[in-house]
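Have a look at this one before I ask anything.
Chain naming follows the written order as A, B, C, D and E, and within any one chain the residues start at number 1.
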């Protein structure tokens, strides 16, 4: 009952058909950069579809025409492999997410920034929903580790890390835990504390080759390109830790 | 939240939908009235143009994706937004991520679903029955209660149902402006969404079914009573 | 008491009406389709916002542009029967009838529910919705609704036009009585001259938004109906209950006229139809003509259809008679001739 | 040609009508408010789905339950004037009038646009919307719309009730002529007996959904009006154009009656109002009474209001006369007495 | 996608919205008709109940959050869903992630916005004018075109505007069922959403403005013409 495989009418990489990459929203700005350089190197066309990892997972199971899946977590690629929708051998971590605690309205160094969490000055702090988003899950671990399991401030949950950033950007919340990649992209005003990996389990983001593209050479080339050291350097520069530890 | 994951959000949603619909009816009715009948008395060309513009503006929030609309509303309601600052000055509380903010956002988004059916109802009623009521001594208020409202019953019903259902189901705006705070702004639509996203499909189905069943019941009751009443 | 001096401009139509009326008597509005009768009632009722001028009813100023007064319709206490009835479709007949008493918070004493129900034969219709009524039935409900609203003035826009003769005959006397009892002014629109003659004392003839004639109904009717009606001002001498015949003095002559009730006032008017006046050159004996009056031919107006009209002058009265040209030729009548006018005893309207 | 035998049940009302009519003459429907006149027209038009029975118009079966035929309303070629007019509010007068000609794709020849416009005086109203018309104006448009639909049968529901006398007087002859020219059947509802007498040849009297009387209009009217009308069957002898007087034979007597046009058929009926019949015990000479007929008193019906009715028998004809009790006493008239009945020459309706 | 990031999605969205509205009008009109006037002829009690249930069902998709509704639609239309398999059997193409699937999903979600105003319009029109049209020889079709449609113009306008605007703005269902595939199912609402999510706020503002301006223009034109026409 391999839906993706049987129902696909456009199996493999035929000339002119773009490679379809499903990308978790949080990685999509970086993915665009990667794709641009990949396209330049291969003359192939790659289209990016971004949504939350949860949506993409559900869609892939319903036969979505994606060739490669760049998830924001490890759970969903693993599940896809287990359920027979993805090629097991291709399932690799392409990046690790990093958390940043950001207070745009206050200037100061990392430690003053971190102290703000305890100061009581903050009434609200934004974070990604721990039940839904990997960054949220990591944030919760971090808060626990910081002894802030029942903080004085109200936690505002974003549907994902993108929305969490939007909360702060729009001026709705004064501070929040966002992805380092986002902080890189922003104007980096105010103060920020880069949360160390000791506070939470790694936010491993895995990429898999989906069944419909198991014979697609271009897809394999894209995955290779993703894991290549040149790309990995780019990913690191965008605010992630490197893939395979 | 103890005995069942959906209880808190369900109550909150019902409250939000009810307050939003009531607020919308209060705000939307005069607006619809003005759109339908207000301009006839004042025949100037200019008024006609204003009316068309207002009509278009009412429908405009619809065309933005809810999350995006929510984003802009958040910008307005946030600490740096005009509305937000004014509100803080007024009440001392921030507007964003508060229940009040949620109500305002829901109202903006659902406004056309309330205004349009009402406006149509008022327009197709015309002035004839109002004139009859006036001539029998009913003042504006009595005419409104005894003639306009029963006469435009279908319009009010549609406005209420669409407004209510849309507020129940809306979550893009609500998520953005409300921030998914348990017992404060986590409405049931967000809860179901979270369950689906976190692959808790069983609980999601259950909550969806409850939501659907509950809504179906309300709708059946409302439409049933309406039929009853119109047959009297 | 009704004072009004108003004007109302529409694109292709302008209404200009000024008249006063002091309580006594019903005022009829008569005129061709589109002359502005309904518009006038609407202006009075405050339903035409463009109305300019002054309206005073029962001592209360409803509108006075100079004084800046303009009562909204619901503060003008009137009972209006719309030409198209306008029953509330969402209310049954009963609640349509009770509408005014509810919004005006009338006490039971102020309206005559059983009386109106019986008069208009509405008992069986009370539970119906307006959509389930025939044209005449809805007209009756509309009349009832206006009557039960305890008004200071009644405005009737062709209220009886959809009703059968027996029902009209039942309602008209009630309206007459109503008017006499309550003395509230009443404006009445109809296209039936018979209704006008029956119900109204004064008539305004309208044309293109203006009053073209204003006067006693009988006299206007006399002028109107291609002059086939004449009026005798008479004084009551005696009324015999058994024969229902009243002897009245008209000028130097005594007439006998049929009147089933005793005339209510000493001086009143008698309407005579020219078609019912028989002419004779000699006194006709042994005939059923109760009245034969000596008079002179004042004028002969020949028609082009074989008929002609003669104006007759008696001693202190005038009368018209329509006869065929053939009879005229047979008589060889010319102006100045002495004739006898024979009139059967029919009273049309006393005042 | 119209054959119909239908029934229609509502909650509290049942219509049961069966009659045939062969093209000649207009059929009047007369009856009190709520008796089912409008319902009958609606049933004919196919607008009452609950209608049972058979309807055949102009040789075409519109409905026949046994044969399973039931034409939808739009296949029934009829011109219906609704009691409430029902002009399309979104179309101006012109497009209301042209509606049928557009949907039925009529060629210009099939309808008489200028004629109808002039007759109904619609020229100035063409660009108006129905909401801007007076009651009578909208009635005129409704009549025009039906006339211009090139129907096989005309169904008129109180079409003239909101119109003034001069307009009625202008439209009625047109309808008469229309009927005579096209010979299409016409059903006509009105509460005005005068319209019935003028326009219809046959009348159906309805009551509570049933035909209670069906016959020649004159005769029914004679029965109806508390017996104040009598009918003479006459034969035309001679018509004098100049004096507009027709000499006619009625039984053994010759009458002279006024008729502005030459009567169209040799045998016709004359209606005489009992109130216009003067009685005399001797021949009245020198009077304008064109006719004085010797006859006998057959019956005396005294009323309780000072009037009485006398049935008179002549040689081959019958007549009624209403006189006052006083005159009766003066004459000392009893049954069997010889009298002269004086009648002025007025023709009400020839057939 | 070359000269401007929104061009492709904009065109796609316009196409989707137009097709959805047309489809909705085609499906919704008879449904609304039946709800408004269909039951009167057939007076049985049973029909009344059916009507109430259908009325409630029409509004029901509204109460589910779009994404959740989209999730269930995806399950139905997907490769393993009943509808999806049936569709593949019929056309050989999958329904989910196709433009057709998107149209169907949008139609289900926007159905009440089209059915309700139409149903109200039909109901308040009543049968009087139709009877008049029939008596003048207009068959059902002619009556429909020449009387019902112009008469219920306001209802059709509202149905179209609400349906169109809602389809423009909807993205939860569309994202789920369509899968955000460039040039195929990436409508403008998803594009804006993406831009906001990936923090390209500048581009998001630009695209939102274009969407708003464009919609405003259309609405002004539509309402303006409507006013014109109703004054004629």
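The criterion applied here is as follows: a contact is a pair of C-beta atoms (placed from the backbone, for glycine too) under 8 Å apart; a residue touches a chain by one contact, two chains touch by 3 or more.
From a predicted model like this one, the values you see are computed outputs, not experimental measurements.
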Intersection of contact partners for subunit D and subunit E: none
Number of steps on the shortest touching-chain route linking subunit B and subunit D: 2
Intersection of contact partners for subunit B and subunit E: A
Selected interface, A-B versus A-E, where C-beta contact pairs are more numerous: A-E
Computed distance of Cα centres, subunit D from subunit C, in Å: 26
Chain centre separation in whole Å, for subunit B relative to subunit A (CA means): 36
For subunit A paired with subunit C, centre-to-centre distance based on mean C-alpha positions, whole Å: 91
Averaged-CA centre spacing for the pair subunit C and subunit B, given as whole angstrom: 57
Where subunit E touches two or more other chains at once, by residue number: 67, 71, 196
Sequence positions of subunit A contacting 2 or more other chains: 55, 58, 163, 166
Per-residue overlap in subunit C, given as positions that touch at least 2 other chains: 84
Interchain pairs in contact, sorted by label: A-B, A-E, B-C, B-E, C-D, D-E
Residues on subunit A engaged by subunit B in the complex (per definition of touch): 52, 54-55, 57-58, 123-124, 126, 129, 131-132, 154-159, 163, 166-167, 170-174
Subunit B - residues contacting subunit A, complex: 67, 71, 74-75, 77-81, 84, 94, 96-97, 175-177, 179-181, 193-194, 196-199
Contact footprint of subunit D on subunit E as seen in their complex: 41, 128-129, 131-140, 142-143, 146-147, 150-151, 153
Subunit D to subunit E touching residues, read off their complex: 45-47, 49, 72-75, 77-80, 82, 84, 86-91, 99-100, 102-104, 145, 149
Residue numbers on subunit E that touch subunit B, as the complex places them: 48, 51-53, 55-57, 59-60, 62-69, 71-72, 112-113, 116-117, 119-121, 123-125, 154-155, 158, 161-162, 165-166, 168-172, 189-190, 192-193, 196, 204, 208, 211-212, 215-216, 219-220, 223-224, 227
